[in-house]
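Order of writing sets the chain letters: A, B, C and D. Residues in each chain are counted from 1.
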Amino acid sequence: MIIVMKAGAAQKDKDEVLRRIKELGYTSHVIHGTTRDVIGAIGDERGKAALQALDSLHGVENVVPILQPYKLASFEVKREPSVVRISDNVAIGGSQVVIMAGPCSVESEEQILESALAVKKSGAHILRGGAFKPRTSPYSFQGLEEEGLKLLAKARDLTGLPFVTEVINPETADMVAAYADVLQIGARNSQNFALLKKVGQLGKPVLLKRGMAMTIQELLMSAEYIMSEGNQSVILCERGIRTFETATRNTLDLSAIPVLKGKTHLPVVIDPSHGTGNHHYVAPMCYAAVAAGADGLIVEVHPDPEHASSDGAQSLKPIKFDEMMKKLRLFADAGGRTL
Amino acid sequence: MIIVMKAGAAQKDKDEVLRRIKELGYTSHVIHGTTRDVIGAIGDERGKAALQALDSLHGVENVVPILQPYKLASFEVKREPSVVRISDNVAIGGSQVVIMAGPCSVESEEQILESALAVKKSGAHILRGGAFKPRTSPYSFQGLEEEGLKLLAKARDLTGLPFVTEVINPETADMVAAYADVLQIGARNSQNFALLKKVGQLGKPVLLKRGMAMTIQELLMSAEYIMSEGNQSVILCERGIRTFETATRNTLDLSAIPVLKGKTHLPVVIDPSHGTGNHHYVAPMCYAAVAAGADGLIVEVHPDPEHASSDGAQSLKPIKFDEMMKKLRLFADAGGRTL
Amino acid sequence: MIIVMKAGAAQKDKDEVLRRIKELGYTSHVIHGTTRDVIGAIGDERGKAALQALDSLHGVENVVPILQPYKLASFEVKREPSVVRISDNVAIGGSQVVIMAGPCSVESEEQILESALAVKKSGAHILRGGAFKPRTSPYSFQGLEEEGLKLLAKARDLTGLPFVTEVINPETADMVAAYADVLQIGARNSQNFALLKKVGQLGKPVLLKRGMAMTIQELLMSAEYIMSEGNQSVILCERGIRTFETATRNTLDLSAIPVLKGKTHLPVVIDPSHGTGNHHYVAPMCYAAVAAGADGLIVEVHPDPEHASSDGAQSLKPIKFDEMMKKLRLFADAGGRTL
Amino acid sequence: MIIVMKAGAAQKDKDEVLRRIKELGYTSHVIHGTTRDVIGAIGDERGKAALQALDSLHGVENVVPILQPYKLASFEVKREPSVVRISDNVAIGGSQVVIMAGPCSVESEEQILESALAVKKSGAHILRGGAFKPRTSPYSFQGLEEEGLKLLAKARDLTGLPFVTEVINPETADMVAAYADVLQIGARNSQNFALLKKVGQLGKPVLLKRGMAMTIQELLMSAEYIMSEGNQSVILCERGIRTFETATRNTLDLSAIPVLKGKTHLPVVIDPSHGTGNHHYVAPMCYAAVAAGADGLIVEVHPDPEHASSDGAQSLKPIKFDEMMKKLRLFADAGGRTL
């Protein structure tokens, strides 16, 4: 931690900072600058709010953290990329680009089986579908709940595809984990720390979505919550951040891919459906994500988008998904990945 | 709902839109424009994802909602401002500006009692203090939990001040409600719908904070979640939104006060401590909030900010809080409010 | 400047950083941390892109600037608040809150004279009105240009009010300066450095608006452009920043007032008309701005907003402006200011 | 334009809206909804601020524009993609992906010639380099001005590469146009309408960068400014928008590519150097941009980034640029484009 003193700070202010640094168990080191002094506090600064609070001392201009606040998610602990195993045949983070596809919500047996067969045929590796739906409006469809989980399991039996589904409440997390292959934490729960701790205690891989106003560092801190409970199988998912632009539902931040690859060993997948909110933009963003080095994609596919209970506007029809997958193979090849 | 057709859309595309509108139980009405047609779908559009999904039909440019998606929070249901009663002596939403003050976290008996006595002496009406803390880092102090609730109750016994404290998990919500006078939903849980539903079922007033990337409409939708479960005692709280500006921790959106006053009967309070993240900026933002018509403030006050377990940098010392309160009275007077 | 090395950076990488620091004329100072080293580069860092570019060296994690990059606008050069004199009777930055009011655009002699008389009667100190209009669309009204300046001068003759008007092009800046009392730099030109240099060479006070995506530090850098050309009479104006919220045209950042007051001696005024984009929200934001310590306001007033050539939706009618001014006096009093 | 009336608006309020619509020369059409009425105003709404101002009328909830406000940039005027010719050998918008590369600033003859030779060898089609530099700080290097233009021309003579350089002032625009092949409008001047009009009158292609807080619609409106002056050779450039994320200098919005391709016939290029601000992230974003369908890239390449006068941190060394170009060919192939 670096403490920057104000220009012309009094000696007694500096002495007080030095006293506090010592009191907190850190070693201090002063640099005398041309217009002001800068004090280094040496030691592990993770979780030390008390150090940050030094900026309320008299004569202090600001306090600059030096260390990244996450550890298990960082290269300090693990140098090589993590490969998260989902099933005997599927793992995320290796040379294969993994495709998760399916409808936003599970609506009926017919709908989910039809979707599963279609995405499998086009080459998807994992089925997606929501049984518990976090909807902005209490008057919107809230999901089929356990019935939806049973239908997803049925689709898995039929196709062999493992499935990912969202968990929205610590109280129902065990039930979801009893059915699902991958537990999804949605963007709106990305800092629901009670839920993060809970899925950290379950033995299933977690797909952690970035929140709409979440920095990349905060995304890694939320991963750290899960990992610090003992679950290292975390997959990070960029799904668009909220900006001033309204031409897309969110702004898909594809630069998060190389940024995350430089900071963490965890795999990174992209959700272009929520990221753009418009099915016309999904395919180009799939190609771009894979070109940028994503380890996987999660894509909304619905057999009848105009009648979907949720997110119809951003869902691909199976035929469009199939076209996209064909072209995607070319980009995966160009990037030296398999699909 | 207004469906805007593309310039030159084919007749069969328009016919399909009309057919779907009818199928969904709405009446349609076409306006023939100079370059394109516009189709109105008449009927209650709340919760109708299917209408929005019409924008994936061929020939449709976009779909424009007309109705606000919330109802219980709107003036449609209640014209006069709601006054939320907290205790025999305290109610929010009337002529009195209500001040909630206290430390970010409950740290010890001495700390919370000292804080409670200090803020009471300066004229605060409600004590604030966190027992369950949603912290970005799993390595940061997570709160004293039930022990913290007991200390808050002790401070209430000592001072007569009711208290507000955060609830972070549906599983512990009943326990918090057994102690607290007001349940706070924090910014990071503002779209944790499982938690919103839960506090909607408890008989205690709820202080609902706006999320960092939450529009005002979404804030009202989250209030609607609580109200649709039967709890009408909701207090809205603006606490800063996330923007590109880094000089403050968040950007406090004071225009939310007149905007909300034009859309809802619910009371509106402001949190300048989280809104700015810097104790130097708290007092001016308190004055501004009251001048703009806020019904209350929630302010962090700590007897020893430099040693606080959390949020020291944005906490006022009791003496600064006292100065602020004295000046605040003048602004409350100017606005025709009592303090 | 602080250079943070990567954990485990090689000695030769550190040596290279030290060599470069010396080459650039700075003194270096190393702090050996527990997991990484931090190197201070001592000396004036303003304008030194070369120092910042050290972060492309091998082994460097990042480079943290310590000094503020502005000087003339800072307290380093001038400790007491600047008072910018506009005319014999009007100065901004002293105890008086200065009100600038008038229409967005000058549209006709009748309109500007009527506006000037009305705002003067309600107590405004300066007339505002646009003769050159920077409009988003080339098909929108672009202003009366020199004819508009003449009409503003006529209104000044009639009422005694000095006027502020926008300058949008270095080529016409001299012409505008020949008429106007205050030159306005609009938000869209806030980093038009050619224009900033030009108005820095003219002998008229400058009202500098913050750009829509401009940090407070960048606003001060743009002021520095004007001041470094010799013109110290700069008035800073917050007029709303662009965020994800669409309920208001922009998000008015009132915390910019205390932030700026802590960083610069220059006066600060607020534009709640552009800041909110809606006449319903203007009065509460005027009260809030003055309560937060603003030195002045700039408010759009139009005798017939529904027929205005621009910005009708955010303009106050004279009767509403008059009501606002009456109530504003109470808030100015509460803050110990005159109006 | 659609005018949404408030629920329960009085008949006389509706009559007044109808009267105004007629007065403005539009035809009105009323839809009676279940809770409120909606009125369509039929006619060309471009440039009609008076229509928008109807939202200040009593009883009006809001006014919703239907038409896009741009025309020349839209498919209404031209259905097929525009190909902007730069030289005998280079055109942007066709099947070839066009690469512009070179240093941020022209610093010396040696530096620009070395850069030009290097980027040409790796396959770039156009040289980039700044002679007039819009810098945030007045104390930073401002460019070599006309001397820089001469050096760029010398580099063109040597390599045969046409060059793009920034124009920052209407007063010096003719001079820049006398040397340059493509005129760049930088992000900070993207709504400097005086400058847009000026380059619209010059006979050279214009590379128009998106501003940091500019919506895609506003980018098209700025293109419309240039085109409405008679210059149809406009190339749009996405270079990152400003968001809350600080891990990158800006957030590169690659979804702008498919969004723009759906709205305009103008070619679209991407600037990953400014878009990320970090040379480590440039190559992945180049691949992603081409995969998403970009017509070209503009990339900063500097022979000695650690000594660059500007933007060293985001510049590629020639050897890294060469590696990137080799891999980029694979992605261009995958997308059915040549390089």
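Definition applied: a contact is a pair of C-beta atoms (placed from the backbone, for glycine too) under 8 Å apart; a residue touches a chain by one contact, two chains touch by 3 or more.
Because the structure is a prediction, the values reported are computed rather than measured.
Chain centres computed from CA atoms place C at the largest separation from subunit A. Both subunit A and subunit D derive from one sequence, and where they touch, over half of the residue numbers involved are common to the two copies.
Mean C-alpha position of subunit B lies 38 Å from that of subunit D. Note on chain placement: the centre of subunit B and the centre of subunit C lie 31 Å apart, centres being C-alpha means. Averaging Cα coordinates per chain places subunit A and subunit B 25 Å apart. In subunit D, 213, 241-244, 246 are the positions where the chain touches two or more neighbouring chains simultaneously. By the touch criterion stated above, subunit B contacts subunit D in their complex at residues 2, 4, 7, 29, 31-36, 38, 40, 42-44, 64, 66-67, 76, 242-244, 246. Of all residues in subunit C, only 213, 215-217, 241, 243-248, 251-259, 262, 275-276, 280-281, 284-285, 287-293, 327, 330-331, 333-335 touch subunit B in the complex they form. Per the touch definition, subunit D reaches subunit C in the complex via residues 20, 46-47, 49-50, 52-57, 69-70, 134-141, 168-171, 188-189, 191-195, 197, 211-213, 218, 221, 224-225, 228, 241-242, 279, 305-313, 315.
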